[in-house]
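Presented below is the structure to which this report refers.
Naming follows writing order (A, B, C, D and E), and every chain is counted from residue 1.
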Amino acid sequence: MGALFQFGANDYVLALPITLLTLFAIGILLIDLLLEPERKYLNPVMALVGVAFAIGGVAKIQIFLERTHLPVARGWPALAGTMYFDRFAVYFFYLLLSATAISILISMRYLKTEHENHGEYYSLMLLSVVGMMCIAAGFDIVLIFIGLELMAISTYVLVGFLRRDRRSNEAALKYLLLGAFSSGIFAYGLSLLYGLTGSTNLAQINRSMGMIMAHDAHNPVAIVALLTTITGLLFKVAAVPFHQWAPDAYEGAPTSITGFMSVAVKAAAWAMLLRILLWGLYPMRPIWAPMLVFVSIATMTGANLAALTQNNTKRLLAYSSIAHVGYMLLGLIAGTSNEANADGVKGILIYLLVYTFMNLGAFGVITSLRHRNVIGDELDDLNGLYARAPVEAVLMLIFLLSLAGIPPLAGFWGKYFIFFSLIESGHYVLAALGVLYSVFGLYYYLKMANAMFMGQPEEEGRLPVSWTMRLALALTAFATVFIGVLPERFIDLVNWSLGIAQTSAMARVIR
Amino acid sequence: MFLSHIWLIPLFPAFGAAVMFFFGRKLQKATVSAVCVGTIALAFVMACGAARQYSAWSSTEEHYHRPYQTILYTWLGTDTGHLTYTTHDGTQAPFRADAGFLLDPLSSIWLLFVTGVGLLIHIYSTGYMAHEGGYYRFFGYLNLFMFSMLTLILANNYVLLFVGWEGVGLCSYLLIGFYFHRKSASDAAAKAFIVNRIGDAGFILGMFFIAWYFGSLRFTEVTHLAHSGQFAIGDPIITAATLLLFVGACGKSAQIPLYVWLPDAMEGPTPVSALIHAATMVTAGVYMIARSNALFVLAPKSMLVVAIVGAVTAIFAASIGLVQNDIKRVLAYSTVSQLGYMFLALGVGAFAAGVFHVFTHAFFKALLFLGAGSVIHAMSGEQDMRNMGDLHGRIPTTHWTMFIATLAIAGIFPFAGFFSKDAILWEAYSREGGAYRVLWGVGYVTALMTAFYMFRLMYLTFHGRPRMSHNVEHHIHESPVSMTGPLVALALCAIVAGWLGWPNSLGGVDRFTKFVEPVFQPEARVLQQEGKTEQLVQGVEEEKNTKTEWLLMGLSVAAAFAGWGMAWRSYRHADKGYVEPIAAASAPVYNLLLHKYYVDEGYDYVFTGRRKLGSQRLGVLGMGGACAWIDVKVIDGLVNFVGRFTRVFATLSSWWDKWIIDGIGVNGPAILARMLSYPARLLEWGLVQWYALVMTAGLVGFVFYYVYH
Amino acid sequence: MTPVATPFFFYLLSAIMLIGGVLVITRKNAVHSALALIVTLLAQAAIYLMLYAPFVAGVQIILYAGGIMVLFLFVIMLVNIDRTLKERQFNSQWLVGVVAATVLGGLLIAVYTRGREMFPEHAVGVAEGDNTQRIATMLYGPYMFAFEIASLLLLVAIIGAVVMAKKRI
Amino acid sequence: MDAMLHITTTHYLVLGAMLFLLGVIGVLTRRNVVIVLMSIELILNAVNLNLVAFSRLWGGLHGQVFAIFVITDAAAEAAVGLGILIAFFRNKETVNMDEVNLLKW
Amino acid sequence: MYNHILSIILFTPLVGALLLLFVPKENKDAIRWVANIFALGGFLISLPLVPWFWAQRGEPGFKFIEGAANNWIPSIGAGYYIGIDGISFLLIMLTTLLGWISILSSWTAIENRVKEYYVWFLILQTGMLGVFMALDFFLFFVFWEAMLVPMYLLIGIWGGPRKLYAAIKFFLYTLAGSVLMLLGILFLYFHHHGVTQVYTFAIPELYKTAPQIYSDPAYGPTIATLLFLSFFFAFAIKVPMFPFHTWLPDAHVEAPTAGSVILAGVLLKMGTYGFIRFSLPFFPDVVAHTKVRGWMIALSLVAIIYGALVSLMQKDMKKLVAYSSVSHLGFCTLGIFALNSAGLSGSVLQQINHGISTGALFLIVGILYERRHTREIAEYGGISNVMPVYATITMIMFLSSMGLPLLNGFVGEFTILQGTFMENWRWGAWAVPGVVLAAAYLLWLYQRVFFGTVTNPKNEKLHDLTPREVLTFVPLLILAFWIGLYPKPFFEILEQPVNQLVLNVRGPQSPVNASVQTPGHDVAMNAPAAKESR
């Protein structure tokens, strides 16, 4: 029952990017009303400016973190400890913001073709990013929950943004119902966590959970709390058996949003997963690690096999992204029964980084297939793409190969570090499974490549591609190749974001 | 000067061949013949010179009776010899083969008659092939053959010998298939090459055994080690090696069971048959075994095998020859049978005699073939003796030369054949043991048959009534000088060649044996060590049983005359539809012989599988078919199955979601619901609540597992 | 001896809540369900009062029962078609659904009863006089940022509702 | 009997669990989307019940604050959900779950 | 130049590919010229390597080393680290040569999407060269994988009717093999770190630690064997060894001619190269002391006989040649696992020979295919009458492929056979029939296609080889005769690395490495004469 809590100067600095984004989001809403239809292009421009500003803000945070001499990997608990600004958070900020920028570039032309070119779209995007950043930096389950909902609800709306399109409505409805259901379960789990620990702060939870586990390693209530929470988390990252919303939502959503969801939302969900499992519930690793083994195997199997038979590219990529989640989970499993393997986590972060670019690129190409009366998300729409848009086709090939994990493309590095960590910690069988499934993966990526290079185009004429799209594709392709060929600095970046590369140390630091 | 450049001898014809290969197409026939014959002539001159110089060189004190060898460069392996392998006793031997040449009595004999006969046949061919297409091609091949043959003869190690060995095989393939547009020709060619290859496989293995055992493949070193007495007589490895070498020899020299290619090889132009399939190439096997005599004497078992195979081949081929009607085929089978003789000689340890027979045989058999060629030339391509007859007046030179050759091969004193054949029979007889007597008997009967079928050939061709069609009869004419010349020359050789080996028993000095003696001398030593003095090759103690030898000579000459007589009786007046005495005696035997004991058919059914037995191919082709089937159906089938399985599994997993998960989830209760008389739509896919249910189920599962395990 | 009133009211209210809940998920007519839900919410608000959380109770009544449920009723009126009344109100997987959910619930209850000692019984006396004030200090103190985000959440809800429901923007 | 009479946090938990259970059943079985949304509200209420009970248990107010946030969230979800439902209804003239079946295998 | 020769060779084709991107795709001839110039340039640039390498052929270790062990990705210890020894030197020369030849050969064969074709082909060239040069395991793996993509596209776009199936089969097969290898590599990597506390992928470093796994109580023979297998699959599939060979016929039959040439000439060698460069030195004890060796030999023998038998029955020329290379590669692997210097050097030599002969055979088939658009043997007959030059060249190449002395094939096969035989005469005995069968199926093919009279009217108009086509064969013919007549230089280049390898595998105490004693009983019978004769 202390005095009123005061904001410190630091808190303003640290909250800067979020604030900026919010301002721009609202700004877009207001300005959109004044814009006559042909000037609508100012909305995305503003959104981009907003993102740029936000990035600037993040840079400021980074500088702040570097300046103030903190012990390595120890972040800065801000806003009364509800948020925890550390390099991990900064890393994800950068990731999310760049993903958003690219998604905006991809969206511009697409929305025009869909005749849904409204400011709301962009402001919702920015607001969902605000939610994501709250998750990434959130250190208090209340804030995490609210951030999650902010992200989720804006995404529901975005998925259903093509209101005249039934598939879009349906996707939105399904996504919303399941999302709400899962967040209900998640909230239930959080409430139990609170009940067990009496606190909503992750550090506090970590400490108390440590004590509880020390006292009774099989405490049923704790287990239920953990499982319900993880259910919510796994739902958000779309892991089997909590994945089924993904294909439907991905297929029905506007293609640009599908891309956005598949990278930004997923990255945020992963940030949350890592935060909660590695910071909050780290003491319960002996319980969640085996569970994840099951989940990841099921995920790889189910997703890879299901993807083999898809004929809708968006759906196919949805399953492929589920499969990728399976691989990433392996990274979390690596390590001993009660200590995670640093390289595994490193692998996950790199995976998210490269995945952002290659998957956005792939979705960008698919988005560019949408014109006049072609939806362009069927496998046949790719036929003979090389004849109609050679550059796009080659870039798409790069993205696909990268997704399949062929060196020297970025995608390889994600897998590399995952398997690296598995071998390091002696999970040979899992590693073997993983690599074999990645061969599976190649098959359905090649199906798309075949269509592009060896199929006959249904319609003549070059595919019109807007310059923003070109820009987006150029960026993503460049990143995919560059990271693939010269990964060193990015590995350093990840190492930096993890501070000292021992997750246990991470956990210890917070105690 | 000659001696130190023996390596040039093969290179002359090689040069000729190269010229033909690159420019032949544009050259005049005259130029072609000039180049090719010229190169051979050069080679011949070189050869004579080298032989003379060698005899001088080897009679000097310091290299008394030593082979002369000169090494150009290391062909396989390196000079340092660090590429090694482990020999049988664990020591390291360098993997190496020289491009090196060796001259000793044995090779000089081959050198002489190969270049000599080769030269004559080249000259003959200029006439014979004058009107054929692909003139330059023919002479290119011939020169290539000479190159390979000379390499084979002059090689100083087994590998280089093998080079020549394969080379002559290739050339015989090319030359047999010279008329490649004739299917029969190309078939025969392929057959010849592949059968030879089978022999070569044996040869290679034999080489490897030698290399493994002696750590080297140089003749000098191998021989030296073999004589060093550190290997017991009858050593199994050496026996195996020698037997494998003999397999190779069987292939090249057309012995049972690999003789089948030689008769078919008659598809080639006649000079080819004369040069390759009578005089030179087919004797390569004999050469190789004579070359490795040091090993063979260490393996009595192999010797016996060689002798038996030789004898059997001799009589077997001869019996087939009795009834053949194609003039060249008769000669072919006679060649096979004569080769059998030679192997018999080698087998009984009479290397000198065997070599001697090779020497004489080269002349008269070449002569016979060339004569036959001349006959065919005159008969404008007709080869069937049933359509000949009464040619003696029309082509006298051919007739008389061939007659001499016949006398020679029949072994009638004092023609070449008599001395060599008699030497062989005598050696066979004079060996201890009943087996050898049997061998002698076989040889003797063969001699009889030989005389018969040769004179049969003579009578059917040159005497009796003319049986050819009229327009053929019109064109009959004696061949040009370019062809008759060689005939005459060879005829002379066929007479005198034998005198080189005039046996001591007839007051001669047997120069020939004395000349080659050094090569085989060491065996004599070995045999002496074994205390088998009486089996010495050179007649140490003829005095003791000159009588026997005379008796044998008489017998064989008698046999020859007997054969002559029989032929004279049955074919003197042969007219259209004359009767074969054997057919008259017993038809089935006749048919059996006429169809060559159905061996080719048997091979095609059993080994090659070119003919189906019922509906089933056996042999190699059968296996090939089986493997191809396995490859497509089983192995690749497995691969595709895995692929298909995954696809099926994938569809299954989607099906799983569709039917089982949604199904049991949806239908199961729906069925229940029906029981509860609920109206229920059957299939509902993509039902949101179904997804929710799966999530719940998952959660339940985990909770249950963790709380109650 | 323990006070009798507390258990009595507890069980009474729980009974009302559960019955309300059951009605919510079983009524064919959505309007009835909504009304039943309101009843449940009110009963729950009462239970909040029993737990010394008057402010939450107030929010529950005003915001939930007052706001959200009205929204629900509007929408029900908007989309209410008689067709739904004629059809069955359960989908074809209801049996499995019920079973799964029941198992889950059963497990939870079992776990709670087993882990009873996790929650020791020392009802810390909480004065409810300044409850509202203290909640305010919490909201504008440590949870200030979350509070702002929550406002954004509502903003998004508004935008979303408008975008989705409005015919043309 | 004492356990029955003596109302502890566990009682509230069990009550919440039952409410949760009802909500889940509703979500899993009802065809009418509106009612499914209501069932989700039930679930959230179960959460709130827990939270308030726990905050009573721990004596802090975090639970109650959390509950307030959850209510906010419930409001937002309901609003957006109903909005989407209306949009859907406009296109498809139905609010039945099992007619939301355009996207499927 | 001298110090960076390898990099120059490696990147010349890539530069060409990049340049091609700027040539307008309509201007086909320009594209062809550029591509050919760069291919030829790549070959010419690699020529200076010959004298330079020859000068130091005897010295141990890798030569022309560039880069460092960890200058690429220091944090994981991967580097751009390349260098060659005798074995890779020969294979590199083969690659540059064949690359040029196959690009030259596809001048008229490729008509559609010319630009892409050459771009992919040049990229492929770089990939292959990289595989042979890499001294860093990571670099190796990158090249190894990256090279699949262009090959896949070459088959898939310019291939025959079943190209999709073939392409995907090829890609999946090889990838499935190599991913397991990745795990193996990582294992070695960690083991090396465990021993030396250094993270590095440098192959020379790993040479030092990897062999210890076998005797290390922590792992032991079983793990070592498993590791060997994890590499084995990658290489065996690439070679391909017996049960894993079925991708080969499909890939070959569907691929365009040049593709087949490169596939047979170079790609298959990567498998054998992998065995020589990695499997043997990494797991010497596994190879030498466990059943593994027996299995390898057995598989090789089966491949030899089996491949030959199957090709005997093929009706499609290209398939026949494809299966024949299964048989030939069987010889190569046989020589490798003979584990003595004769066998190994023979194996490498035979790899070169196979590149030359089989490459030529595919060109030969391609030439007929280009004229008649069928590869059915039954469609032909009597070709000698219409295309004599072609027939001659074909005959020579067939002979070299069936191992006729004085041509390259014999040298390799004989060396391998002798090496194997000396290890165990049964192995040699089983391998020899392969030689006979080779003669059988090749001669039979020759007879059916070239001999006889022209039966099929379509064949009467066939025109003989154009100068360009002849040009493609000339270097191959020259090499065939060179290796056949004077292989000593090759043996001398191979001597040092091969003996080093044998030393690594067999260990110094084994008899193989006892000081080589040339048989002292070589009484040069004309010892004095020998002098005068020289």
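As a working rule, a contact is a pair of C-beta atoms (placed from the backbone, for glycine too) under 8 Å apart; a residue touches a chain by one contact, two chains touch by 3 or more.
If you're wondering where the values come from, they're calculated on a predicted model, not measured in any experiment.
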item: Third chains touching both subunit C and subunit B; value: A, D
item: Each chain counted as touching subunit A and subunit B at once; value: C, D, E
item: Label of the chain whose CA centroid is most distant from the centroid of subunit C; value: B
item: Between B-D and A-C, the pair with more C-beta contacts; value: A-C
item: Chain whose Cα centroid lies nearest the overall Cα centroid; value: E
item: Identity of the chain that, by mean CA position, is farthest from subunit A; value: B
item: Rounded Å distance, subunit D centre to subunit E centre (Cα mean); value: 67
item: Inter-centroid spacing, subunit E versus subunit A (mean Cα positions, whole Å); value: 45
item: Rounded Å distance between subunit A and subunit D, as computed from the means of their C-alpha atoms; value: 27
item: Gap in Å, rounded to a whole number, between the CA centres of subunit E and subunit B; value: 35
item: For subunit A, residues that touch 2 or more chains besides their own; value: 142, 146, 149, 153, 156-157, 160, 163, 172-174, 177, 181, 185, 195, 220, 223-224, 248
item: Subunit E residues counted as touching two or more neighbouring chains; value: none
item: Multi-chain contact sites of subunit C, meaning residues that touch two or more partners; value: 88, 91-94, 97, 100-101, 104, 107-108, 111-112, 119, 134, 143, 146, 150, 153, 156-157, 160, 162-164
item: Pairs of chains, among all present, that meet the touch criterion; value: A-B, A-C, A-D, A-E, B-C, B-D, B-E, C-D
item: Subunit D to subunit B touching residues, read off their complex; value: 24, 27-29, 36, 97-98, 100-105
item: Subunit D to subunit A touching residues, read off their complex; value: 9, 13, 20, 23, 27, 33, 36-37, 40, 43-44, 46-47, 50-51, 53-54, 57-58, 60, 62-63, 65-66, 69-70, 72-73, 76-77, 80-81, 83-85, 87-88, 90-92, 100, 102-104
item: Subunit A - residues contacting subunit D, complex; value: 141-142, 145-146, 149, 153, 156-157, 160, 163-164, 166-167, 169-174, 176-177, 180-181, 183-185, 187-188, 190-192, 194-195, 198-200, 247-248, 251-252
item: Residue ranges of subunit C in contact with subunit B within the complex; value: 88, 91-97, 100-101, 103-104, 107, 110-111
item: Subunit D contact footprint on subunit B (complex, rising order); value: 654, 657-658, 681, 684-689, 692-693, 696
